[in-house]
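Labels run A, B, C and D following the written order; every chain starts at residue 1.
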Amino acid sequence: MKYITTIDDTQYEVEILNPRQVSINGKVVEVDFKSVSGQPIYSLLVDGKSYQAHVYTGDEDDLQVLLRGVLHTAKVEDEREKRLRAAAGGGSGEGGEFVLKAPMPGLIVKVAVNEGDEIKKGQVLVILESMKMQNELKSPRDGKVTRIQVKAGDSVEQRQSMISVE
Amino acid sequence: MFNKVLIANRGEIAVRIIRACRELGMQTVAVYSEADRQALHVRLADEAYYIGPAPSRESYLRMDHILDVAKKAGAGGIHPGYGFLAERSDFSQACVDAGISFIGPKPSAIAAMGDKAIARATVAAAGVPVVPGTEGEGSLTDEELLKAAQSIGFPLLIKATAGGGGKGMREVRNLEEMPELLESARREALAAFGDGNVYLEKLIEGARHIEFQVIADEDGNTIHLGERECSLQRRHQKLLEEAPSPFIDEDEEFRQKMGAVAVKAAKAVGYVNAGTIEFLVDKDKNFYFLEMNTRLQVEHPITEEVTGLDIVTEQLRIARGRPLSLTQEQVRMQGWAIECRVNAEDPHNNFLPSTGFISHLTVPTGPGVRVDTGVYAGFNISPYYDSLISKLVVKGESRAQAILRMRRALEEYHVVGVKTNIPFHQRILEQARFIAGNFDTRFVEERFSLEKAEEGMETHPEIAAIVATLVANDQTQRSAHIISRGKRDTSNWKWVSRWERMHR
Amino acid sequence: MFNKVLIANRGEIAVRIIRACRELGMQTVAVYSEADRQALHVRLADEAYYIGPAPSRESYLRMDHILDVAKKAGAGGIHPGYGFLAERSDFSQACVDAGISFIGPKPSAIAAMGDKAIARATVAAAGVPVVPGTEGEGSLTDEELLKAAQSIGFPLLIKATAGGGGKGMREVRNLEEMPELLESARREALAAFGDGNVYLEKLIEGARHIEFQVIADEDGNTIHLGERECSLQRRHQKLLEEAPSPFIDEDEEFRQKMGAVAVKAAKAVGYVNAGTIEFLVDKDKNFYFLEMNTRLQVEHPITEEVTGLDIVTEQLRIARGRPLSLTQEQVRMQGWAIECRVNAEDPHNNFLPSTGFISHLTVPTGPGVRVDTGVYAGFNISPYYDSLISKLVVKGESRAQAILRMRRALEEYHVVGVKTNIPFHQRILEQARFIAGNFDTRFVEERFSLEKAEEGMETHPEIAAIVATLVANDQTQRSAHIISRGKRDTSNWKWVSRWERMHR
Amino acid sequence: MKYITTIDDTQYEVEILNPRQVSINGKVVEVDFKSVSGQPIYSLLVDGKSYQAHVYTGDEDDLQVLLRGVLHTAKVEDEREKRLRAAAGGGSGEGGEFVLKAPMPGLIVKVAVNEGDEIKKGQVLVILESMKMQNELKSPRDGKVTRIQVKAGDSVEQRQSMISVE
């Protein structure tokens, strides 16, 4: 089975030749791969080196791989999926709307902008209180506030949409 | 003498206190909010009672509910832990009035130390050096504060009169920015403590935050248990503490001098039980009283590790009217201890708190490693309380060994389901300045960047690619396999399987 | 100076050594048998190599395979742990011949102490008191032994010349039963060590088993780290150890006297690295050399806890040619430590070993608790190796506190999937004689009955009935619910779910 | 739902009246019962008392309940099952054949009896080596050895039948 695997920003062509051999970017390596029953933990031996990895599904439905203290974001696609995605056309959401969602449940302390405001990247949009901390949520880019769905005093759920920026 | 203790708290500190009670053969009563029915302290206590909805002000801050439970359960003592009601003199008084031992200082001592302005005046009168600032009443108007600021000089700090833990604290560099900062400090203080009063304090630059643990019994015997170095902070929140302080290290004379002042400060308010005197220390070894925390500290375990004394057990003994179990001369610091606070927050995203379900947890074990935790695999971290989920404490023969041991333990510590600040601690422990013991309270903000620290790290992207691909491939094959099965073949479904085995 | 260590062992001790190496910044190489591919030591080491099928003699006892791995991986040192090849002078010699540091004593010291008869003769010549018995050659015939028995007098012990850990040991009360016991002892010794030689030893009645940890560097500096009380045994297997010994306790003069003899015994064979001198001590404080274990002991952590010294780190330093990091005068015992060996065996069924899959594990944490473990939830305990799965170690300010803390920790320790001896430890810690420190090596067999100890326990059968019923009822409802679902609704199947989320 | 629950040797009639009320032997108690997700751990609050129990399926398909340091064996049957079992006739296996099965995998060191031997309760039947220990397996009652299926040197799997006693 052939896969295109993206680790952070780098793509790798990974082919599983048989249970003990994997080719990565054309280089064949001997692997000994075991999962620990009932746990999201995997042990991989490659050329005698022992690697222990925690692997779990991330917020964006990617795989999160924690390896020797470093967390990697991984996306694994087979060739068919890759072709489908390519056909759908890349870069769809680039210049579109950005919606600020609550990263965790909490209480809105302050909405720092108004609808129609022109804002800068890094500008505070909302102050959200959670876990006894006041957290400033900032805009990831320049834009214009198109919609505000919360006000000070509101309780919000995780992932609830709060402010739209275009 | 009481033999049943109500723990008016939650999380790791409630578990810590339950363990101490159990080790003394005392019964324990937990209280819990709606969000905490499945919390570890509820599971471990002998008794557990519901006290209200999730928000603290409707549960863990409800003195009336808590005292009702204490009466109902027949608890003779109440341990407040830290936070919540721990430094509320009215709660301490209400316990006394109800005939219940408050495991902590007397109401008068809490009140005296709880108002920072009164505290400073009291200790200054006893000859303890204090940081220049707005002493006296403490309920100054903005106008008065702006005026006072000019005589203290900049930079200075705005601090909440009722507060602690960095809440309501603002740093002011000049007069122009001060009005806006005053407003936000008051707002935060009001939200956190129900009191918007603030005061000003000179900012000691290059300062270290070093604190002394003191304990005192009802006969007035008061001793200190050496110092803790708490300079490693982010936004005035402590993150990593160590005992002893690398700044004091082998300067035993300086330690005893500061310790004696700490004892003096505690005695100035007739202190009983465990408390902490916080000092700011400048590079010339001038030190200034900052505040007294009239309760058990989060970071008490590092003092336990180096002195061999169980502070919570000692608190319980003192509250039962027993004298201190050791004299000042018997206190000996041996080895070196470090604590990392493991918080559910994302160090890569501005330390935003992280909530959710802990699906998997590997806790480090082995020599010199101690974990004080309030969570477990299967627990859901709610947004209602602070983000501290556990404290990882190590002890070594030397500071170098403790640092290496902490690195080893952090590597073994895996939390899946919520983000934690473990990567932050790992990178801090690699910094040359940290290793050299050369840092002050502004180190994290001014000299440390997680992103930069991570740049030089060795990574294994090819290995990650192989692992991710093998895992995804396994998942495809499993799911394909499952879907193709007949619907009655449910042998992998554990409950069905158990049920069938039970009934065949 | 080597910087990469091969650990020629498995289980908790391999994990312990890997941790020590990591804390010194050294690279680690694990070896594993077919049964151990998923073992913790394989997962934690930097490198891991397969060395053969599950039975020890085809894997962990294969010196040739292990040395091949060491050469291939470039390991400059080999730590043998305990058991397996730890006390094989030929292995120590083979390491030396291969230019690899053996992290332990020289082959000559292992050989001298490995044959019990030679060991006794050697130390006796150095003035160390030994238990009366058949010294000399040690390869006596049954006839010679029967004759010798009559001059030593009964009761006496038959012990395996090559052995340890109670294997091949038999107690003889009179001449009549001796021939049969000789036969079974020889058979067991042959099976365990490949050597059926046995010797006789006078049985000291009411004896305590007290041992001294010694360490020595290559310059001949030899010190002791105080004693361990190991009298709590069952069938000559240690189960619970403590440091210091309640029998010696505050008799510092007696401790130093025995310690000096232990050092003398170690010096008699030019000992280097960590070792243990075992003594039998009668109630009049007469003590007799029993044997020397020329390796790290299972119970080394309790000495680490009371002295603050990391013995494995010290072993590694010594093997790298460094002098001891402390002098005899600097050794100080502080507090009290207890270790319970947690074995996979059923205390309610004659301590029969228990194998299987550990489906769930809750490990105790908190103040004063240390766990050295080789297993985890998800691990399968195989029948090929010994039944020790972890060591629970606590430290307290006093013996009383350590006992109470151990009780608390045992209560928190839950292993689901295999049976363990935790209930045995719990009942032992409640015995008045144990609490009083009044026990000898025969206490468990002669004065303790688990069944009797359990009779008086408080139980909650009604609560158990409610819990069991609610669980069973939940299971019925869940299984009914699942079975009635459509076959495509598989949202509770985590792999399917993940897969679908990944690809939607 | 009504159940007959046997704890060790005592029977209890337990009826689940509603999620917060259970009757045991006719006595109604208020309960607060929660399972810890993904773990065989349950928390039960009864009249303020907090009980934590580990519950798992035992070897004999019973439930094992570990409660405050004591392991209980529980059997839970609903009324229908109870009637069915009663109809099948109790005490079926009382005087029947007893088969000694290997409690764990291991190596047979010695078979200590012969077919046809009359044996006493507690007499050693087999010595089995496992986990580096020699374990003596004894007869639970008096009887006669009818069949021996292993010999010294054999490797046995867990639960493998070794010796039959009648």
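Here, a residue touches a chain if its C-beta (ideal position, glycine included) is under 8 Å from a C-beta of that chain, and two chains touch if they have at least 3 such contacts.
Values in this document were obtained by computation on a predicted structure and should not be read as measured data.
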Contact distance in steps, from chain A to chain D: 2
Pair joined by the larger number of C-beta contacts - C-D, B-D: C-D
Whole-Å gap between the CA centroids of chain A and chain B: 31
Gap in Å, rounded to a whole number, between the CA centres of chain C and chain A: 46
Numbers and ranges of chain C residues touching at least 2 other chains: 44, 359, 362, 376, 411, 472, 498, 502
Junction residues of chain D, two or more chains touched: 39, 41, 63, 76
Those chain pairs that satisfy the touch definition: A-B, A-C, B-C, B-D, C-D
In the complex, chain C residues that touch chain D: 167, 188, 191-192, 344-345, 349-350, 352-355, 359-360, 362, 382-387, 410-411, 414, 416-417, 423, 426, 454, 457-474
Chain A to chain B touching residues, read off their complex: 1, 3, 5, 7-8, 10, 12, 14, 16, 22, 24, 29, 31, 33, 35, 39-42, 44, 46, 51, 53-56, 63, 65-72, 74, 76, 103-106, 109, 129-136, 158
Residues of chain A defined as touching chain C within the complex: 32, 34, 36-39, 41, 43, 45, 48-50, 52, 57, 61-63, 76, 81
Of all residues in chain C, those that touch chain B in their complex: 15-16, 19-20, 22-25, 44, 301, 304, 308-310, 312-313, 325, 332, 334-335, 362-363, 365-373, 376, 396-397, 401, 404-405, 407-408, 411-412, 472, 475-476, 478-479, 482-483, 486-488, 490, 493, 495-496, 498-500, 502
Residue numbers on chain C that touch chain A, as the complex places them: 29-30, 37-38, 42-49, 72-73, 357, 359, 376-380, 498, 501-504
